[in-house]
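My questions will all concern the structure given below.
Order as written gives the chain letters A, B and C; numbering starts at 1 within each chain.
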Amino acid sequence: MESTWGADLSGLVNGLLTALTLTVVGFAAALVLGLLAAACRVSPVRPLRAVGTLYVELFRNIPLLCLLVLIVFGLPDVGVLLPLTIAVVSALAAVNGAFACEAIRSGMNAVPAGAIDAARSLGLGYGATLRLIVFPVALRRSLQPLVNVFISTLLGSSLASAVGVVDLIGAAQIINLREAWGLALFAAAAGVYVAIALGAGALGIVLERRWSRT
Amino acid sequence: MTSSRTLALAILLTSAALITGCASPSVPGGSGNPGSGSTGYDDIVASAPVASAAEIEANPWARAVRDAGVLRVGGTDLARLWSLKDPTTGKLEGFDAGLSQMLSRYILGEVHTELTPVSVDTRETLLQNHAVDAVFATYSITPKREAKVDFAGPYYQSGASILVRSDTTNIRDVADLAGKTVVTQSNSTGVTALREHAPDAHVVTFPDNVQCVSALTQRRVDAYVIDESILLSNAVSTPGLKVVGTPFTSDPYGIGLPKESGAKAFVNQWLSRIIADGSWARLWKATIGTVVEGSAPTPPVPVPAG
Amino acid sequence: MESNVNRDRPLFDPPGPRARRRIRTLNAVSGAGIAIVLGVTLWAFAARGQLAPDRWSFLTDGAMLQFLGVGLVNTLACASAAALLSFPLGVALALCRHSRHMWLARPAALWIEVFRSVPLLLVILVALTLGPSLGFNPSLFWKLVLAIVLCVSPVVAEVVRAGMRAVPRGQIEAATALGLRPAAVKRLLIVPQALRMMAPALLSQLVAIVKDSTLGYAVGFPELLKQSQTLSAFTGHLIQVTLVVSVMFVLLNLALSRIAGRVAQRARSTAHAAP
């Protein structure tokens, strides 16, 4: 077999990029879903409240692996064939969106009542109040829990290898098949995950400090 | 909740967990309980030869198995035709499973096996640490693996083939796979087969057979490459699929054994016996033979211990 | 723990007549929209024959249901064992992290940070490939449980640490002034209160542990999801089986959360009742 150093390394880098893409896109989508769900849960429209509550209760309690199998193999039988990467991102977004919603709702409690009254007296509607007053404050207050949601998304992305998307762990497994590096490879992969998580945590602290100045 | 109640609850839960943990999770690998499943299969296993006490006494590996009272097998319970667990009976059935059950009967006089699920990553290490006595898992013999473990056999000559949807006309053999999306099982010989024979194919992997077949029928992929007999079984059980081309790899399957344990000579001798008295062929007919036409192929000649 | 913002402190003033009309319209519209989405989904499902009775027949087969039941019992056993091990370990880790001795605190902090950020799947893979060569080969059950404990105990430690920090400083100072040594302060004052405060968060870890147990497929442990995969392989009906098992998981976790909520409520009420 030809020298595989270069191939191995590029395989690992591709795996890492895939893992990062899944995490970042998944987290962004989770934030959006979380905001939408939070808006639904505090809305005066009863069916929307029900949908929001149902969404959160369902996706907080379903195992990610179960959901992945359903999306990848269940949806096509309803006519929806998602590319594998998008399927993984959707599952990550759905599950972590539920957690994000709860984090944002706890942050909402920190919104001063006076601010909302001021918004109403200025004539801001429901959506505008949420968008301009409530969510910015809530997001800032829930920064720490949201960092945890990011880490949860990162760890969840590792399940991508169970449905055919080659992430960092999948790439390490493929190389482990060919060579015999075993432990060193997996330890390195673990190190990468730890580094990303610690980086996210540090970023969170920096942002918190920056925002608490305003 | 008062602290004494908490303590009691904790003790209760721990003991329940420990009891269940120690008792249940090992998969019953056909410990001789008669099931409602194919009696033909059971008869074939039950009529397999039994070794004499002297033969077992003379071989350290066999002695250890006899003293333990159980043959610890590394394998799987998800492979149709090879080793599939019937959920209704808890019994393992298949070609690999049947061979392991016959070997157990050879040494112990009755079928008593204990299955540890293995993957490509764990097969060699489990043998090296004597965590299992033998590995029956469509285990291809390669020089790299022979450096770590012994192989008895080969006991089956296999090859990878291609499964496509019935309406696919542009894939007829392995050369047509270039540029197509092909699925195979993760960590299987299909991965290496595709890398060597169809490097321009876009390969997707899933952990097991059902998911690979779903990917094919749901049009996520264009073709499924794996051992031919598994594909034939899929073509029979799932409408709308067909096998094309001829096997394009040559995979000899062997029984994984701990290196230099004396097991190789013993198991090869057993293999020769079951081939000679027709048990091998009968087992083939009851398992793989249910989807492949014709009589049993000529079994490969087990390589003698060198 | 679910503070409904609408109830505690309304986000908006009570609606006037025009707003009430708008809300009624939105109620009708969104209700209809949801019904349509559900109907289309069911129709699409049925149109592809997924609602055919033979695909769901496994629900009436006693042996197959028992097969799934075994998986459920294994899931519960695995989760209980993992919880019973990771909670004390997490408390111990938190105490080490909080210790004044640097040789305890630093390694504990490192351990927590590392194992909080590593995917469980990776830990399981390492235990699978590495364990046997180190002579460490416990049963499948313990391989899974110990891997989960390794990953969950740091999370528990962080939760406990947050609780420890929330204990009012005044109490700690009073206790120290009374002559209690730091270890006694921790044992009698900080840890009990921390645990009581963080009880709901701790019990929600139980749900996380149940979800983590579904990674049993990687070790081949016959928990519920792995059993459902075997059943799917046997019947060939993957979607139906997985749907039913998903519902089982959701119900199980909902029940756990409900129990957790009730325990937390009782803990709160006893805390207030204590003199």
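The definition used in the following text is that a residue touches a chain if its C-beta (ideal position, glycine included) is under 8 Å from a C-beta of that chain, and two chains touch if they have at least 3 such contacts.
Fair warning: this is a prediction, and the values are worked out from it, not measured in the lab.
Chemist: Measuring between Cα centroids, which chain is at the maximum distance from chain B?
Modeler: Looking at centroid distances, A is the chain farthest away.
Chemist: Going by C-alpha centres, which chain would you call the most central?
Modeler: Minimum centroid-to-centroid distance belongs to C.
Chemist: When the centre of a chain is set as the mean of its C-alpha atoms, what distance in Å lies between chain A and chain B?
Modeler: Chain A and chain B have C-alpha centres separated by 38 Å.
Chemist: Measure off the straight-line distance from the CA centroid of chain A to the CA centroid of chain C, and report it in whole Å.
Modeler: 17
Chemist: Could you work out how far the Cα centre of chain B sits from that of chain C, in whole Å?
Modeler: Using C-alpha averages as centres, the distance is 35 Å.
Chemist: Of all the residues in chain A, which ones touch at least 2 other chains?
Modeler: Residues 69, 73, 77, 161-162, 173, 176 of chain A touch two or more partner chains.
Chemist: When you check chain C against every other chain, which residues touch at least two of them?
Modeler: 125, 129, 217, 238
Chemist: By the touch rule stated above, which residues of chain B touch at least two different other chains?
Modeler: 121, 207, 211, 214
Chemist: Using the touch definition up top, name the residues of chain A that touch chain C in the complex.
Modeler: The contact residues of chain A facing chain C are 41-42, 44-48, 51, 57-58, 60-67, 69-70, 73-74, 77-79, 105-106, 108-109, 113, 116, 120, 126, 129, 134, 151, 154-155, 158-159, 161-162, 169, 173, 176, 182-183, 186-187, 189-190, 193-194, 196-198.
Chemist: In the complex formed with chain A, which residues of chain B make contact?
Modeler: 120-121, 183, 186-187, 191, 204-207, 211, 214-215, 218-220
Chemist: If you look only at chain A, which of its residues touch chain B in the complex?
Modeler: 69, 72-73, 76-77, 81, 84, 161-164, 173-174, 176-177
Chemist: Considering only the defined contacts, which chain B positions touch chain C in the complex?
Modeler: Within the complex, chain B contacts chain C at residues 1, 10, 13-14, 16-18, 20-22, 24-27, 77-78, 80, 84-89, 116-119, 121-122, 125-126, 128-129, 131, 207-211, 214, 237-238.
Chemist: Which bits of chain C are touching chain B when the two form their complex?
Modeler: Answer in residue numbers: 61, 63-64, 67, 70, 73-74, 77-78, 80-81, 84, 125, 128-129, 132-133, 135, 137, 139-142, 145, 217, 219-222, 227, 229-234, 236, 238, 263, 266-267, 270.
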